[in-house]
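Below is one structure, written out as structure tokens, with a few remarks after it.
A, B and C are the chain letters, set down in written order, and residue numbers restart from 1 in every chain.
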Amino acid sequence: MKRLFRLSFSLALFILCTAFAQTVAVVTPYLAQPGTQFMVEAFEAAAKAKGWTVNVIDTAGDVAAVISRIEDVVTQGVDAIVINVDPAQVAAGLASAADANIPVFGMDAGTDAMLVTNVTSNGYAMATETSSYVVDRIGGAGRVVMFVFDAYPPVQKRGVVADAIFGNYPDIEIVDRITPDVSDGGIADSRAKMEAVLAANPDAGSISAVWAAWDQPALGALQAIEDAGRGAEGIVIVGIDANPQALDAIRAGGNFEASVSQDFNGIGSTTADLVERYLGGETITQATVYVPTTLVTGANVGDFVSQ
Amino acid sequence: MPPLLSVQNASKSYSGNKVLDNAWLELASGEAHALMGENGAGKSTLIKLLAGVVTPDIIDLKLNGTPIQIRSAQEAFVLGLRFIHQELNVVPQLSVAENLFLQSVYPKRFGLVDWRSLNKKAKTMLSGLGIEHIAPEKKMARLSTGDKMLVKIAAALLGEANETASVFVLDEPTAALSSEETGRLFELIGQLKTRGCAVLYVSHRLEEIFALCEHVTVMRDGKTVASKAISETKQSELIELMTGRSLQQVYGKRGESVFQDVLLDIQRLESQKLKGIKFKLFKGEIVGLAGLAGSGRSELLRAIMGVDASRHEILLEGQPFLASSPSSSWEQGLAFVPEERRAEGLVLSHSVANNVALPHLNQMSHGGVVLKRRLQAKKARALTEQVRLKARGMGQKVKELSGGNQQKVVFARALAASPRLLLLDEPGRGVDVGAKVDIYTFIRQLSQKGTGIILASSDLTELLGLCDRILILHEGKQVALVKAQGLSQAELLGLCYQTKAAA
Amino acid sequence: MTRLGRLTRRFGTLLGFLIVILFFWFNLPDTFMTARNLLNISQQVSMLAVVAFSMTIVMVMNDFDLSVGSMASLAGIVAALLFSQGSSVFLGVSAALAVGLLGGLINGVLVSLVGILPFVATLGTLTIFSGLAFFVSGGKTIFGRDIPAAFSGFARAGLPLGTLNERPLLLPNLTLVALIVLFLVWLTLEHTTFGRRLYAIGGNREASRLAGVRVRLLRLLAFVLTGLGAALAGLMYASRVASANPTQGAGLMLDAIAAVFLGMTMSEEGEPHVLATLVGVLILGVLDNGLTQMQVDSYVREMLMGGIIVAAVASSSLGKQS
């Protein structure tokens, strides 16, 4: 009887503890990326408000290590895991979490049956915004340089949409479709690649626009264009993500004209809310939860810089 | 008149083990003084005390009758002591002239190194010492070991900071020198003596001691056992003093037999460094290779072994032999003891067993693949016993052994193949007297069993003592092939020089 | 040197490893020293282990192979590309291993026959293999339906060891592969004439040549084996992440060298042995696992691991000087 009491007591204590002091692990190989940082910080802030313990793990680009770290936190017995990496590549880790009945959430990760849900911006929509901005600005005709990164599915999506939209205009010619080396963050190599493109196309007006699938190559291209003294040719540069450096560039009123602000804070805090709802017993039906995005141009950049 | 340098009561122990026990030594100015003893007798420790790199337990030092202390290499230098060690610390990347001026200041012009003046000064310095054949612009790395030694000695003798030098300690300086280079060194030492310096000369070579020194001090087991004027002693007495035992015949008795079966017939051999080589070696015969430095002694051995490429027609026991690589030569029953024991002969960080077995691993394995370790150790033990190796065991690291015992390891390796033909390059170099006797005995035994031996050496006594015939080389050309029996050292040296004039 | 000093020098790293284990055991009493976690660690380090074991083969000769990481990436890409074109698992795996063999052969020829310093030669091939991986894959990650389940399933399966807490306990296949490679490399290096000759080459290349060792051939073969091992590790990696990416093996090279160095601190003469390399690999793996479980910040974790490597090598080198 006494033993039974003790057992039920400790069980009750266990349940209480889990209900109030959740431990959540966030695992990503991409913490060095500004967007990921914003999401993780917003998630941590929301989690802190809920009284959770958050363990953020960065594997510095190593995807197999993400699996290893997922296994480690499963062993540790966390209550939920949030990943920011392509789920198809870490399926082994997701399986070990599933074995231990630990739910895994995607935070700008990718849709996967083994995730409770994935919270993200709509990449197709963002790329639609910037590529149609470019089409409008150059009047549906001209020569466009594209910066893409097909190795990372969320960014690859953007390129697909841009390809389709530019392809819809027979007078738009794609000068080059460049995959920059991102090991240095992407700016330096994009700049070098853009310098090469400029050197190959020396005449004023021979390049109408630079469409970049994210901000770093757009910033690199901007540096290359300005340093080549071709800032006055009216080359339109657009990026995606609206990182602080990009916002500065847009506000300065130069060639960098537009980007799309992903609501990284929103993704982070929405993920935290979904984790809370799921652990509270609710069923999440949506495989992907989209958080709205906004096109940033010179007109509304002030609203974002202050953020 | 007090001695120039007096060392008394020198004692030093390492963890209870006395390596120096009341040793003493007195050097007079203007004399060359030999310091002799087997390895481990305490010579090196005594020298290290003088050099200030080892602190003695007790020592009484006097320079010109004044008590002194040597606590660091710097102090030794200031007191006028100079050391020339076996290991040549030259800078191989720099030129000869730069190495000469390493300790002093390069001549400068407009704040830059004045290369012309540097080379000119170096040239004058070298020719002042009778060294005419070394160009000061030459990279140190491209010099032979002997020439490197000469430059190193010249630097120690002639550097601008060396005017105060009064005592020179030469630790086996001739170990790597040819007879010709040794002759030059002796001329240098003669100059030092006339300047009133004392030269402490450490060497295993008895002949040199008698040619060069006025006085000899012999050490054994950390003690000074004798100090004599050279005129009052002879070789056999010194050997007995050093070893503490009597040595009747260092080189063993030459066989009386007439050689009949040809083992090796070199009908033609040419390479970049060799030409006109043509001779026969009989079974059981020892043929020596003599010549001045650069004559091609080592090169000939290396060509036969297949280390260096050559064009050749060679018959080994009547069958065509192709010297294509060391590995194929070992397989065909050749064995090789190379010149530079540490650099070319041994894997110093490995055990005795591994070093002995290295060329024979296939025979000590299942089908040449999986090693039979027990067999390896067993064979190594048997072989090293045969050469009377002194080691703690088959697992001892070769680098912990003395020079003589290291050489015995290389010999044990050669023996393992039961070779038909044994190639020896300077087998007695840097080996103490006791080990030398073992090695010579062993060479004799092998030849008596029918092994043909080719022995290259710069030690004329060694050649005359061991060989049946001697082949003399000059600048890579075979110039004479003579019987060793009845040949005197002077005659052999004469042959080496005469051929120089003839060529 | 005192006996104690000699012992701490040789076994200091092993002692440090035990201390690390005890530390985690004490701080993570419920989760660290469990069969499941230890099996997990074994699986996590398996790819690094295979690279490090293969790296040991060339490092025995005092050589290096910097190209192992990019060879691993390339092998993964080659297999995945063939899979995406409908090849069988057997064909894809064989082709990837053949690429490893060929890459190793190129390294071997450059180092041994052409005579380029291994550091320079393999730095060159590192870049070539990496560029080739990007080129053939178009820079894309190959994943999803392109990767056959039989291939990606391999890394998730294992030998059943029983059940624990109503969940099956598996000896992961990747661990098994690493153990097999460990055994083969150990056998090769310690018990074959080939291995002993490699050690002799490492000790004194010229003396070995004069003693009849076929130095050129053996060096070439050693590089071939290392290339093969790197390709195998690349396949293991691709199976584990069920995808192939042209950069995914890049991190393996430095960790592998670090593991071999850690192991080298445990031998008297500073020569590498594959069992010591295993300890080096396990130190890295256990630190990763334990520190993650203790919720130590990722970057602090990296600094700690770097610090431990430097400390181990430094203490061993100080021990040798005294």
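Criterion: a contact is a pair of C-beta atoms (placed from the backbone, for glycine too) under 8 Å apart; a residue touches a chain by one contact, two chains touch by 3 or more.
All values reported here derive from a predicted model rather than from experimental measurement.
Ranked by how close its C-alpha mean sits to the mean of all protein C-alpha atoms, the top chain is C. Ranked by distance of CA centroids from chain B, the top chain is A.
The centroid of the Cα atoms in chain B and the matching centroid in chain C are 45 Å apart. Each chain gets a centre from the mean of its Cα atoms; for chain A and chain C, those two points are 32 Å apart.
Separation between the centroids of chain A and chain B, computed from CA atoms only, is 72 Å.
For chain B, the set of residues touching two or more other chains is empty. Across the assembly, chain A contributes no residue that touches 2 or more other chains. Those residues of chain C whose C-beta lies close enough to touch chain A in the complex are 28, 30-31, 34, 36-37, 40, 43-44, 47, 138-141, 143-144, 152, 155-156, 167, 237, 240-243, 245-248, 251, 288-289, 292-293, 295, 297-299, 302.
Listing the residues of chain A that touch chain C in their complex gives 31, 53, 55-65, 67-69, 71-73, 75-77, 86, 88-92, 95-96, 99-100, 149-153, 156, 179, 183. The touching residues of chain B, when paired with chain C in their complex, are 305, 307, 325-327, 329-331, 336, 338, 343-350, 354, 357-359, 361-362, 364-365, 368-371, 373, 397, 413.
Within the complex formed with chain B, the chain C residues making contact are 187, 191-197, 199-200, 203-204, 206-214, 269, 271.
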